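Structures follow.
Shared chain: subunit A. Partners: subunit B in the first complex, subunit C in the second.
Presenting the complex of A and B:
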């Protein structure tokens, strides 16, 4: 592996930290800015501060590839890409001004464009990781198509810091659409679900759909004439300054997310019929073309919500305000839990990092 | 002794027509699309459903009999090459489409369903399954999942991994697990991503839920001629730089277009050193807008001629040449060897120049077809296996191309998989610690190493031998320990 001296120093520093922790049976807490600590497993122990490892290693807009060190702010990466007319197409939530690329990949969260452009993991081309033995390993690469060996870089995506310190990631970039506008419709929840699904299936240039507060928001993006004709066909009202509305929604700054009541995230098949799981419609929002639903509810309602999610091919957990890992994420099938535990043990044999 | 009881038990699990033991019955299974490697399996099992398949796996696990899975047998890297001590498990009899959700844009199918059959079945709803490997009329979705297959439209629509929602998988123990969900994600590690492209080393897929894509209202393809391969390569960069992600972006050099033209009469410009095919799809407004921009970029990039398809028949004719590049090459040469490296696109002129030099060095012709948009190169090395030494020269030539791809920052395989074909080059691309981690991941799924042993991920011992061989002879001599026909 060819390292610059700066990288060498940083990686060696962390390697010695990991080896020391492993030797004495201590824990390490991998931490970026802490913006997503609320939605991941508890991390205890001496801190590995990923913000010490910063910078865009390589950015070739014509190759549609950017390679970034873990501590780099998402905002800085998005700025560099915007200057070249490109973007991270999975539209990651930041949940904080200083949110880092490492934390973004480890938490694996995607934003409003997810059902239409793909998830964060779909845009990860390669990862470097420092495992629990202090070995610096590289998987994937920086090319669009790569099927050499197991797809370990996508395994690391969303692994919540349990497998190691993700030190560097290569992403596929996409151009920013030339035109964008959002149409707003007054619909009840069931109509909204039906329209979200049907309009997508009719090949409209849709890049986000959300129903909240009795209104369906449909974002169209692409070539200007295509957006204009789709807007005319679908109807509805235009939303002014729609970029701000979607940013607020993505960052959970919309009034739906206000207050201290727990926020339950429910993933289901996109066509799942409306179910009044919360006490009133104002307490539920429908996202991702119907495949992601948000509920303001108490932890006591979680079992009922999970039971419903299961009948709709999905799963549910408390996204904000969870008191335990069990509330946050559903347990796995026994055979899969065993596979997952073995993978965890191979990356982190001395249990230096957060538990599953 | 043990073997006799194994066959007895196996015969009790499957109807006689789903089990093949006689040599003449097993002959059709002796190779996949990489036909230079052949062997007869221990036996061939063709379970008709998941329960039969799981029972076979459980039995093999109990008797420690290795299992090699096979879809339609169109793979190009020897992923389904049999081994004399292993049961060959074919999913060919599991070919039902189980469910189509037209509103939700998904379909649930068995692994033996052909890639194109999915698109045909959902066409009535205005939908299709986007990944389109050139072998799509024959290849099965189970094999596509095992190989993470691509196609000519994957720059815009993704590879297999981007178009799969959920899998049902039988593990080596016979246990049945579900990876992914009917939603867009699942709790825990992304084992769905890990399973896709795992080349039959982690489990056997028995059910696939695919994402369907709305058929674009219109598609048009521009065909541009260039006086040099470099100019065509540069044009690809200019298209991306203009903020355009074409539905397909393919390049063919003169040797490839000449081979194809004699075969399918696609109307290619035989005076051009290279041609580019650039497809645009979407609403009519979108396509008109993009085609105008693409044509302008191509003109500014020095295209000597540009033709835009005027109707669907013409579009399909332009594509037919590209999709038939492999068989067309087979027509002008007794044998050909298809490589599959991916490179950063900027490295294209350098890589093509080196390939030309290698072509002279090994005295073998080489046509180049190229998924230009995503940097996936398919050099087709032509040889005659009946001429002593030509196969070995072709393999050495291929190995040098793959190592060059790694050297310029790319990978040894973009979409065909490692299989047995590129297993030595894995030692060039990954460090011993990285390969060890892959073996540990395999072990997490398959404790006794019974699934497709010897494929995809080389042992460190093999890499050490490969390293010694190269130092000793100053050049690679791949696969020296494998049987040849």
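Presenting the complex of A and C:
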């Protein structure tokens, strides 16, 4: 059996599922391993299991591009890339051993490297999607720059399975840095925020910054001499086995994330001064050079947190443990919501897929 | 589905113009010279004049102009500095040209946050001048002193993109006026966008066909401790390209890496009075970083280029020397035009996967040879993007046909290699047919989006998305 016919069979199967649902006004739920179901909109209806469409379609490391089917595990893709000395530079969180590439793109989450290397969407070069009419469409391509028509592949990134089934994605690959080390500093939160911003502005080869439990972790990566000279400049203590620390942090397995209390994610300008929104400093962590903050707090505290976030040019929602869509994300400005609805209708005129 | 546009009656058009004049007075201009000047960019001159040019001063004015035009079904075309290359400004159906040059304020500079907010009419040189005291800079450099609004609307890039990305990666959020006159704000100053689809990315590069971008929140960067430019010459074009491919695959963080072929070098040596260079394939490079980091990058590049027969390294560390070098690079188009007086020229804009770059450049060279026309190659090769400047006699339809055929062939070759017909110039009116080849049925979805967000098709109609 050749792969092309396998692909055709799979796509045609889904196409008939979508067309049937559209015809009878039924709903479809696009689902991979379910690792990120907790942080997306509720999806009801017959399931489209993206894990049925698996495989790396194309990977020539010297092209710096990898093309992958939606059901492929992120772990398998990262393994193939690591063997060639490359990586997905936005460092996606998996949140589960079987997490898929399709779910990663649809949820649009990026990891610790995001403010320094770019977000997931910056690495999506192109994708294929089945829309709500069952048409299999292709957007973007395999090149670093493309201005041919509307940037639809970026629109699909983070669309949470509401616009269509992302069936295949092409990513830009980057070489793994030659050297890496993490420096640890004992700082209070405000000092940490100031240092994160200042050091980044000074063009140090920083690839991650997190403040948690009274300590600031700064990861440096790049050519060995550049990393060494930055480490000497910055000071602090070296962290042993730093790769494990960052993996744990990214996967939210660090002790900060333990327990059942809701986890609030707050996005704001990176220099926003420390505010003791939670009852004590142990309940707040600072990520992404100050631009992302995590809080362990009750849902009752959310309005106050949102009010503060707004004053800092940002927004907040419950990332884990939300009881409703309204707790998960803030409602959009009316005019903006109208544009969003028109886009949803362009892809999914029969409302087959879940709503945003 | 198809998009349509029918020009309203002359009575409706003149009533609209008079209504605009009543509100905006002297900022409503209908003289032929001004309308002509607003009907084209720097590329080929295409006839098609707007009926009127208006100079708005605020988001609210734009909103009320759009409401008026939407009701009357009059086209609206945004104008920044007139440097687009693909006929984006041609008024195919007449209408209102919005010249945004009076909306040229830098609204906020947040030096500590490394961002700023500007009005659409601010030019990139003006922005860099305004933020100079902060030790920051805005890196996107398409050569021309374009407006930030125009650069956003065309998703511009240029020589620094290999290190700093394109407009797409450097915009945090936008203010956009929709055709029904609503003012929306996409994105926030926060890195993570809020709920919903990434509208910021949709409007970036939409070439004025979905709404008018009026304000832009931009990322800024610290001026590097050291900037060093270098030039290296090769005997063989393919080897020069192979050196670039190797550098990119090793992840050397070049700030710029530009290729000029032997014909372009000959033209540039003459035009820009470059001394001590030979008309051979040449790489122009720039390195940014700390002293130690730049020194290491240069050593690595020297070793790579030596492997591919590169020689005659020259360095420019002083600002004035670098400026002269990059001015020569940016003047490549004018050097080409000057090289053979009396000719016109247009530029291809293909971008291919980096590993296919050498094949693609050599295939383009072969097409150029077949055409029998004088052509020169210049490109942002670090991204896989390069331009073939094809010259032809404007009075010879045979030469023009041969030029168009060569350009079309070069675009198809790139698409066949998994590339695109346009890496940075956009679709405009000149690449509508090739877009269909590249995106197939995907164009239908783009058309549906256009129809949904601009139901009367008044926003720059006939551009970017083929009407049928």
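Simple rule for what comes next: the second predicted complex is superposed on the first by the 353 of 356 C-alpha atoms of A that agree within 3 Å, B and C clash if a C-alpha of one lies under 4 Å from a C-alpha of the other, contacts with A are read in each partner's own complex, and residues count from 1 in each chain.
The working rule: contacts are C-beta pairs under 8 Å (C-beta built on N, C-alpha and C of every residue); 3 or more make two chains touch, one makes a residue touch a chain.
Values in this document were obtained by computation on a predicted structure and should not be read as measured data.
Novice: Following the superposition defined at the top, how do subunit B and subunit C come out on subunit A, clash or fit?
Specialist: clash
Novice: For A:225, using the defined touch cut-off, is the partner it touches subunit B, subunit C, both, or neither? Pick first, second, both or neither.
Specialist: Both partners, subunit B and subunit C.
Novice: A:151 contacts which: subunit B (first), subunit C (second), both, neither?
Specialist: Both: A:151 reaches subunit B and subunit C.
Novice: Across the two complexes, what residues of subunit A are contacted by subunit B and by subunit C?
Specialist: Shared contact residues on subunit A: 60-65, 114-115, 118-119, 121-122, 131, 135, 137-139, 141-152, 154-155, 157-159, 174-175, 197, 200-203, 205, 222-223, 225-226, 229, 267-271, 288, 291-292, 313-315, 317, 329-330, 332-333, 335-337, 339-340, 342-343, 346-347, 356.
Novice: For a test of understanding, state which residues of subunit A touch subunit B in their complex under the given definition.
Specialist: 1, 60-65, 85, 108, 114-115, 118-119, 121-122, 131, 135, 137-139, 141-152, 154-155, 157-159, 174-176, 178, 194, 197-198, 200-203, 205, 222-226, 228-230, 267-271, 288, 291-292, 312-315, 317, 329-333, 335-337, 339-340, 342-343, 346-347, 356
Novice: Any idea which subunit A residues touch subunit C in the complex?
Specialist: So the residues of subunit A in touch with subunit C come to 60-65, 114-115, 118-119, 121-122, 131, 135, 137-139, 141-152, 154-155, 157-159, 163, 174-175, 177, 197, 200-203, 205, 222-223, 225-226, 229, 265, 267-271, 288, 291-292, 313-315, 317, 328-330, 332-333, 335-340, 342-347, 356.
Novice: Okay, in this complex, where on subunit B does subunit A touch?
Specialist: Touching subunit A from subunit B are residues 101-106, 125-127, 147-148, 150, 154-155, 158-159, 161-162, 171, 173, 175, 177-179, 181-191, 193-194, 196-198, 201-202, 214-217, 237, 240-241, 243-245, 282-283, 285-286, 288-290, 342-346, 371, 373-376, 409-418, 422, 426, 429-431, 433-435, 437-438, 440-445, 456-457.
Novice: Provide the residue numbers of subunit C that touch subunit A in the complex, in ascending order.
Specialist: Of all residues in subunit C, those touching subunit A are 110, 112-115, 154-155, 157, 161, 165-166, 168-169, 178, 182-186, 188-199, 201-202, 204-206, 210, 222, 224-225, 245, 248-251, 289-290, 292-293, 296, 351-356, 380, 383-385, 418-427, 431, 434-435, 438-446, 448-453, 464-465.
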